[in-house]
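Below is one structure, written out as structure tokens; comments come after it.
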């Protein structure tokens, strides 16, 4: 069989047990809460009747495997259960929330990659000033906590850039311009640290590749420096860069939780935090499931991309 | 005289790199017999994938074979554990290829040389210190080398330390895996001389693994040639180099660039690549590259057979695993 | 005035300090100062961190209140000092627990390989399936918020990362000649692990732990900021930032100083980690 | 044709010090000729190769002349030198696995060597690359064109490297330990291939190696390097039959193959001098069995039979080499 196709199939096959274990862990959350989760959810005023009613509603009295089966079956049909507080179906809630989180994370990642990769390359092959400046930016981006950077940006806006809204949200389809304006600060907040990591990784990977013997051999063939840097070295450095982008996507999803809270954006992250504080377990589960699945999909895509860039990876079948 | 070391039918496989459910296996050794007499040096030559290093590791008890036996001085060492294994290890010691990698960079030379003395609890700490100085002197280093670290020594000095460490427990057999291939020719000569002297003075036997035929020819009493997990020919050193029989041995000897311009390479070199030990060829492992193959070579795995007619001098019978080149059996 | 009057550990520390590259010395120095500040917090903080003072509500920085005062008139400097103490304690506990667990797991997985490796590494890899902060939040969702839970959550995030680094390092050392040599010289596998593998494989773990310690401060602050970490009234950097948001425009000092404190700690750990990386991880096993 | 005249290379090391890796080497490689440059590790043989290729470590200082077909390469700009590399002088280096870009198809790496110097289309370059792969003995080159390097064995990879190096019919090929990483039977194949191809095209080869056996087998002439200097050169036949320099003799004697029976090998005692501060006189003097008073001064370079040269006081009765050697 074609080794690349085999690689794709094998990597897809590896994702299934991961999804399974992840879903089991998230499913178990509500069952692992110390004491009776229903009592915790309803508070101390709960009557035995209401407790029994909720237990029945959540099927907590069924055998565990049956509960899991029903939950997964529901999720696969788009039924995530009900919001415990508002009684609204969770699928609608998630349909509103997911695009917001996706928009922030994807925009931040795009910005970080667009800035980080070229700067990282310059930092590796450029002169002393290129190196100093990028190093300074990397130290800044990595040291400064994202939410504090967000707060400082808000402070700056309040002082000088009054036209930027400090918080709020409109859906893209209602008002594209307004939507993007609301996105500027949150995206910037997340992208700075991201860009710093990508610069650092790109620089390190490029330096590693440029020290390898095949670069000398390319020079000995008379290959132009530009081609050595951008065609050969960058392609070889792409594996660690793509891997870091994949891992950092997880960091972004975490950062989105904080940034959504900070800028009052109605995303999945804020949904989860609010739900934890309300002990609204069905919502916590649905939110975590969505974010974890997103992350697993991103990891899958990164690995596939790496496999296609570097034939050694796809041939070996090891990630 | 009985053999000090007797290896019979040794088979070793390990999982091929990579992952997956039906992982292939590397066939490192596929039934190997070898014997080594007390105080002799047995040279083991072969190219990559021949399994010569795996055989060395089995003898050292560092690799557990899938099948076969390794008898050392009458004791089966396959499957030994605990104190019985330690007793044997005291008598079989290794010298490795990379003299830097075989010494712990954080330890002083003295501590490395003392390592087996510490393990076996030989003598008092003061005795051990004295023994370390003796050993260093024996391999041509000065006592103050004991306080240095490996990075402060040259390649040749490090290998001397490696040899001193191997000698510390007073072994009967030293298994030397490519001990001089990381060294320059002039340093290599010093180490080979040292090993020859130690053998004369201490009567220690060597299993000498190398890819370099010239070195093996220089040091060995008997030589075995390996190809893809099998020994194809075993003989006294002089017999083997003067009258190689197996087509692979002949090709290998022909391929060695000798430093004599008058003996320029005129033979057509052996064609083709060495096959991977993951999927070794059926029948005789060498048949796809063999200039003398016949139809049956791809089906039958030839056994190592003694050839009385070829045994000119030594006590070791000349044995060859190739039915094509052998005279028909009576 | 003889050398004997100086305790051995002091000279060892000084030697270690000068063994570091120059930039890492800065990081080490900052951390030593911060450690002293937090240990001596009651002596250094001019006020009780929780003392409410209605006369100083949102007071701007001055000599009595170098970092100003917050919405309840509490001294921001004193609160920052005590919050550092909380944060560093949580971080230290988290990284120590994770490293101590990762050391044996990673060493054994890397050295023995095969099924031992699978049994140890596969479950740990599963922990990496959730993004770090999400993993912490999942744990908090189960157990409920608090400082100890935050520390445990951070340890849980770091365990697979540190174990992976230790595994890689011990895998490399396991193939060195002197490790096989140690066994051939008559030592048991366990003794070889202790004598050769652990001492030679420890570097990358230390580097990774130093770098992760910096980010642990950020994670702890994020959790507290979300109300999922340290609970009031215990002073905590994240909590202070969360509380100060409502008064951001009137009293920015309430936000600026705790945030700077976080940035400085992360920076210090990063400098130290990078310096250690140069010295202890020449093969670049820490990513 | 390559002419190296009194080339010195100094490489910066830590502490503001310099290593004189190459200390005044004069050497030439004629068309269709294979010249073996032998020496032990650290003797500067690879650095000399780097000096010819214009690929020395940054900060290195180079003096003397490197003439390629009468043109001094030292004055070239970076872009001019790039046009020479891979076109007029090519390189085959030690480890074929490390010489090829692991993410590119092998055929594309050969085609790249062509397109770096010739303005031809992709398709034409591909066709030419397939031909080259066939010429170096890659079976089924059309199909294997698109395979990445790791699907080839070490010997096959070295064949690919040779194909790329010879793609533009260079005047001179620098082969730096081209078979050291290979097994003996594969080494024999590669040496045969190298000799056949270069003799046919008239490409001169500077074969850098530590293995006197390899030199004896394939080279026409030999130059022996010690501590940055060529101590002896001449035809392979002359030098092997009657080495004049004590170092050459010691090197040949310490070859195990030269002693078919056991017994101690002659050794060279002592250590190579520290090249951050090379000794003033003969650099081999401290280890030489035949050292005497005059060796503290730099030895004369004298001409031996058959156009060879040796730098040793033992032979100062021979005629000195003219300063303007051509």
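Here the chain labels run A, B, C and D in written order, and each chain numbers its own residues starting at 1.
Methods note: contacts are C-beta pairs under 8 Å (C-beta built on N, C-alpha and C of every residue); 3 or more make two chains touch, one makes a residue touch a chain.
If you're wondering where the values come from, they're calculated on a predicted model, not measured in any experiment.
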item	value
Graph separation of chain C and chain D (steps between touching chains)	2
Between the pairs A-C and A-D, the one where more C-beta pairs touch	A-C
Chain A and chain C, separation of their C-alpha mean positions in angstrom	23
Inter-chain centre distance, chain A versus chain B - centres from mean C-alpha coordinates, in Å	54
Whole-Å separation of chain centres (CA-atom averages), chain B against chain D	32
Residue numbers of chain B (touch at least two other chains)	none
Per-residue overlap in chain D, given as positions that touch at least 2 other chains	none
Multi-partner residues of chain A (each touching 2 or more other chains)	none
Complex interface listing, chain B residues touching chain D	47-48, 154, 184-186, 188-190, 192-193, 196-197, 211-215, 217-219, 241, 251-252, 254-265, 268-271, 273-274
Chain C contact footprint on chain B (complex, rising order)	57, 60-62, 86, 89-90, 92-94, 96-98, 101-106, 112, 115-116, 119-120, 165, 168-169
Parts of chain A lying in touch with chain D, wherever the complex brings them together	212-214, 216-225, 232, 235-236, 309-312, 315
Complex contacts: residues of chain C adjacent to chain A	126, 129-134, 137-138, 140-143, 214, 218, 221-222, 225-228, 241, 245, 248-249, 252, 255-256, 259, 262-264, 266-267, 270, 284, 287
Chain B-touching residues of chain C, taken from the complex the two chains share	176-178, 180-187, 191, 196, 199-200
